[in-house]
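In what comes next, chain A is part of two complexes: it sits with chain B in the first one and with chain C in the second one.
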Partner chain A sequence: MVAPALVLIPVLVLLPGLVHGGGVDLLKEFLQAAFSPSLDPLVLGSTVSGLGITVGIALLGWAASGLMGLALALASSRQIWSSCCGQTWPANLLRRLLAVPRSIHELLWGLLLLQLIGLQPAVAIAAIAIPYAALVARVLSDQIDALPSGALAALRCAGVAAPQALVTALGPPLLPGLLSYGGYRLECALRSATLLGVFGLGGLGTELKLCLQSLEFHELWTGLWLLLAVMLLLETGLAGLRRRWLMPRRLGLGGLTFTPLGPESGTGTRGKGQTALPDDLGRRGRELVLALVVLGPLLVWLARAMGVQPLALLHWQPLPNLGGSSWASVLALPWPQLVGSTLLLTLVAAGLAVGLAPLLLLVIAPWPWARPLLQLTWALARLWPPPLSALLLLLLLKPGLVTAALALGFHNLGILGRLLLEASDDYQAPAEIALQGAGVGPRLALFYGRFSGLARSYLAYGAYRSDVMLRESVVVGLVGAAGLGTQLLESLSSFAWDQLLGLLVVYALLTLVGEDLSDRARLRLLSPA
Partner chain B sequence: MAWPGLGNSSPVPDGLQATLTLPFTPLMAIRARWAAVLAGLSLVLLPSALPWGNPGGPSLLPPARAEQPQGQEQSNKVLRIGAIPDQKPEKLNRLYPLVAAELERQLGVPVTYVPVVDYTAAVTAFRTGDLDLVWFGGLTGVQARLQKPGAQVLAQRDIDVAFHSIFIANTGSGLKQIRDVKGLTELKGKRFTFGSESSTSGRLMPQYFLAKGGVKLADFAGGAPGFSGSHDTTIALVQSGAYDAGVVNEQVWRTSLRDGRANRAKVAAIWRTPGYPDYHWIGQPNLDQRFGKGFSRKLQGAIISWRTTNPQQKQILTLFGAQQFSKATAASYKQIEQVGRQIGKIR
Partner chain C sequence: MPAAPAREPVLPKPGPGVSSQELPWLELGQITVPGRGRPRLDRVSLAIGGGERVALLGPSGAGKSSLLAVANGQLKPTSGSLRWLGAPPARSGRARRRQQARIGTLWQDLRLIEELSVQQNLNSARLATWGWPRALLNLLWPLDTAANRGALAQVDLGAELLGQPVSALSGGQRQRVALARLLRQDPELLLADEPLASLDPRLASELLQLLLDQVTPRRALLLSLHRPDLLAGFDRAIGLRQGQVLFDQPACSISPADLAALYGGKLPDSGP
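Our next item is the complex of A and B:
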């Protein structure tokens, strides 16, 4: 489980050569500014309104992706096709097609739509909604198909019509997973909306980038602290709801399994609510309806306040034909080098993120006071869009692949670390207690007692995350020498549509291959030993 | 991808048995609740679906904005100005609202400033018609005109006729003053950064002079130069030592030296390029149709009438680093277009 951290060795070897002392003053200035963020009403005002736009984009993009994703999931579920029409090929076809929007990072969607549609608030929302909808569709349709078909078969045999039977048999067991995953996607949407802002699609990200570029650290921290507050609020709020509605945790390590009645009939890890009390069910239903009733008008209000015009998305501005487009110029790009450094970047970043999270937990195991500190660092890491970390690292390190990988790895470390911590806290580890009782030190006890039980699902999640990192490698193009991402920004600024198309195709292919590999790795890790 | 732990957690067989042996009534009850949830869901989605499909239509909420058709009409009557973000946003946010206010006073039409975050976005926003009047650099201006035939070059500053770039170096890099273009070979093997990819003074012309001096982009350390994004960032990065050297717009360099952002002990100018035409104002082709006959001429006249004797206009001119603006023509930027094509930034 800690093995991926081996990548640390070459990185640590290279690091001293990369450090240049010049930026120490700037870094000190940056860290000091954390304690004295600017409280100028003007700055606060623009930060709050930027934050409002970012949250608005996240919420609207998330809601749109949820609706589209749900519809697409139903349309690409084999089980549904087979019970409605007796055939599964349309589901398979749709699944294949959905791989394409999914393989392109939301930033690329944003930049493309920006070219086609112009500076519209709807662009950022669509940029999030399109790839997310395809992701949600894939995950949900997998879940639908993984549900036991017994209940459905029983209902169908009893003469119930297909639609009713599907809702009855599949709805309730699907709901907890749906809600849990939906909550997770909302957290992702907030991060994506911030990132899109960094590339000029509006909101707080824009302000953060401009502040960093002009080294206005006090203003920068105003934005960062506010964003952190919103993110932590969202995360704890969602975790609270998840607990209240007894939904499975995201890593699903606790033994909550899918049974036709949802987790209530599973062997829950939290002592209460293992039996489905009608009262509980009713309460959850009422609260869900209430939440949706509040959410609907809120979204409409947000869309209006932001001046979102969904119809603007249909109003395409044709790309100007600038002539001179030739496939020779596309082929002339140094493809092997671009692809090679992109893959290397992904591998190093993935190794750092996956390996460091458990390693850091092990290191701090004996000191309880270090834990909140680590949690705060991880929260900041999650919150920071990788291009901003890259810019900041440049103040200390020389540009290049390692710097880019550190930026990307740091961001994902924040995400993985939190998941690991959550799962680890949930996991009942009698072995650890036994080991501790036997006088083994806290680190070893944690390692052998707790982590060994978690390793498979953690690594499985790490495999999925690496595939996300491959897609994300485009966003650290700023640091130079970072492969396809750098070239993409260059081609975009030359308005070289042909090169852009070539780069997109290669990116999509790489992501699809990566996705396939990480799927295989995960299945192997998750299959019973 | 799939959601590990959800998609792949295999359902336990005894769960299956649980359903089969369940009495019928609880299932019915659950079904009724599920139906209630669905009904609630559809009720909620109904109003939210309405305004999306029909933006002008009735809504349960008081409209926060004017209805769309009217809104579009109004935005047609507003002159939206923009600029490439070549400097600190704080400075841009000080300068352009002043410009907007002054133009509004002179022309009698509402003027708003729309900030954009990078050079490419400014060009795109001009092409898609989201910006009416933009302060472009040499290269971005040519890109914008090629993408929007009929766009009009309106004015440039006195300093834009012969603008200069300054090559700067970290004092610890060992780089010395350079005499002429041949001296640029000293930069081979050094870590070097440009500004924005589309900057004329921070990338295009410097790259042209580097090529003249026999330096290819692949000659820099790491096989490629960096792109810091803006002139201010280039100065900060070279000063920090992240890059040994970089190149910036002369006007920004002077300002940084004056306000102390650039520390002479850490970063120094090593070469000043020959002059070339740079920044200029470009207007949309359809300004006369939208704002009335002769509007473009009036706009041009307003900009070139700014004088340091007027306190408002003096403030604007000072922030622009200019004495005054003068008429400009597309022909002045032929050289920029040629270099752009040579380097591949214009195709």
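Our next item is the complex of A and C:
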């Protein structure tokens, strides 16, 4: 479990060579500014309005992706097709087609749509909604297909029409996973909306980047603290709802989502059902309907306030001529090197993120006071968009692959660390108590007693996260020499559409292969030994 | 040996209180279902009339489950004729669903919806006749409480269970809730596939008695049974061996020799 942290060794060896002079003072200044964020009303005002736009983009993108994703999930579920029409090939076809929008990162969608349509609030929303909808569709249709089909067959056999039977037999078992995953997607949407801002699609991200580039660290921290507050509020709010509606935790969802309902997740939801109070189930449904009724008008109001015009997405600007360009320039790109460094970047970042989270928990195990500190660092890592960390690292380091990997790894460390901590707190570990009773130190007891039980599901989630990191490697491309991402951003800014197309295809293929590999790794890790 | 594999559909043998002019509740004529090697059902013909309690006997792999799956419309035979209350399965989806709503199946694995409450599960039996609004409302609000209370009372369960999630019930309670769901469907033909297989002897005989009690002149029961010692309450027994009907006769006239022929010389254990 800690073994991936071995990548630290080469990274640490390389680091001294990358450090350039002059950055240390700036970094110190940056850290000191954390304690004295600017409280100038002007700064506060613009930060709050920027934050409002970012949250609005996140909410609308999330809602749109949820609706589209749910519809696509139903349309790409084998169980639903076979129940309604007795055929499964349309589901399989749709699944293949959805791999394409899924394999392209939301940032790329954003930049592409920006070129095609121009700067519109709808562009950022669509950029989030398109890949998210495809992801939601995949995860949900997998969940639907993994549900036991007995009750559905029984209802169908008793003469119930397919739609009603599907809603009654599959709806309730699907709901906990749906809600939990929906909440997780909302957290992701907030991160994505901030990231899109960094690349000029509006909102707080844009302001953060401007502050960083002009070295206005006090104003930068104003935005960061506010963003942190919103993110923590969202995370605790969702955790509260999850508890209220008896949702499984996310690592638990990992089991539910990625294995065809293993014994672990099955008993998990059932066990929780047993503690449900009488008539709890109807209450949850009523509360959900109420939440949807409130959410609908809120979203419409938000869209109007932000001036979102969905129709603007249909007005495409004419593309520069594609046909006349020379494909030789596409072939001339150093493909092996680009692909190789993208993969290396992903591996290093994944090793850092997956390995460091348990290592840090082990290190702080004897000191209870260090725990909130670590949680705060991880929270900052989560909300801090990787390109901004990359820019920050550039104050200290030379541009290159290691810098990019550090930025990407740091961001994902925040996500993985939080999950590990949640799962670790949930996990009943009598072995750890037994070890402690036998006089074993807290670190070793944690390592042997608790981590050994968590290792499989954690590594399975790590495999999934590595696949996300491969897709995300484009966002740290701006620090240079970081493989396909760097080249993509260059081609975009130089309007080299032919190169861009070639890069997109290769990138999408790479992501799909990565996704397949991570799926296999996950299945192996989660299958009972 | 009284009845050899019949070539012609056997006429319904009227049960108590049913006139022989009535159409059979279930009629299979020369039904064949292919399988690997030998057919799972080989030219099976039988007819069951209203008010009849019929047990389906046979060793494992004899085709009992296939026969019940054909009878409730889940499995489509390659040849032969199937009639429910005198009518062949309808071609249009809506008419066929209306037919299937009159056939209730008690599944061996019960097939309750674990995440829903007892009341919601009982109501799910009415979905064939309910439209969309009620189907959705059922997930949010307790509906038809009086009818559900009545169904639970018929299977000796208290109304306090209505709000409980099914997953919180004991094994015996779950069996009864599944039966109560069947009663809420109010079918004319009751089918049950080895409903007693996983129950202890006391629960098994209690559930069997409940099932037998549901048979009225306007309702027929076909139940597959792995224990010939429980034949007492049945009117008729059909022996199935290697996909063919070996005997079809009044339950009281089944002799040890019939059973020996059915199970290939050795009797199954008379109880778990």
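Convention: the second predicted complex is superposed on the first by the 501 of 529 C-alpha atoms of A that agree within 3 Å, B and C clash if a C-alpha of one lies under 4 Å from a C-alpha of the other, contacts with A are read in each partner's own complex, and residues count from 1 in each chain.
The rule is short, and it goes like this: a residue touches a chain if its C-beta (ideal position, glycine included) is under 8 Å from a C-beta of that chain, and two chains touch if they have at least 3 such contacts.
Fair warning: this is a prediction, and the values are worked out from it, not measured in the lab.
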item	value
Contacts of A:167 with chain B and chain C, given as first, second, both or neither	both
Which superposed partner A:26 touches (first chain B, second chain C, both, neither)	first
Touched partner set for A:236, first chain B, second chain C, both or neither	neither
Touching partner for A:159 - first (chain B), second (chain C), both, neither	second
First (chain B), second (chain C), both or neither touched by A:285	both
Contacts of A:150 with chain B and chain C, given as first, second, both or neither	both
Contacts of A:461 with chain B and chain C, given as first, second, both or neither	first
Intersection of chain A interface sets (partners chain B, chain C)	150-151, 154, 167-168, 171-172, 276, 278, 281-282, 285, 289
Of all residues in chain A, those that touch chain B in their complex	20-23, 25-26, 67, 102, 114-115, 117-119, 135, 138-139, 142-143, 146-148, 150-151, 154, 167-168, 171-172, 177, 180-181, 199-200, 206-207, 209-211, 213-216, 248-253, 257-261, 265-266, 276, 278, 281-282, 285, 288-289, 292-293, 295-297, 299-301, 303-305, 307, 309-311, 317, 320, 322-325, 329, 391, 394-400, 457, 460-461, 464, 467-468, 478-481, 486, 489-490, 492-496, 515, 518-519, 522-523, 526
Complex contact set, residues of chain A against chain C	150-151, 153-155, 157-161, 163-165, 167-169, 171-173, 175, 269-270, 273-274, 276, 278-282, 285-286, 289
For the chain B and chain A complex, residues of the former touching the latter	1-12, 15-16, 18-20, 22, 26-27, 29-31, 33-38, 40-41, 43-45, 47-48, 51-52, 55, 59-61, 63-65, 68, 71, 85, 87-90, 114, 116-121, 123-125, 127-130, 143, 146-148, 170, 172, 191, 193, 196-198, 222-230, 232-233, 236-237, 239-243, 261, 266, 344-347
Chain A contact footprint on chain C (complex, rising order)	72-74, 93, 96-105, 107, 109, 111-117, 120, 124-125, 127-128, 130, 132, 135-136, 138-142, 163-165, 167-168, 185, 187
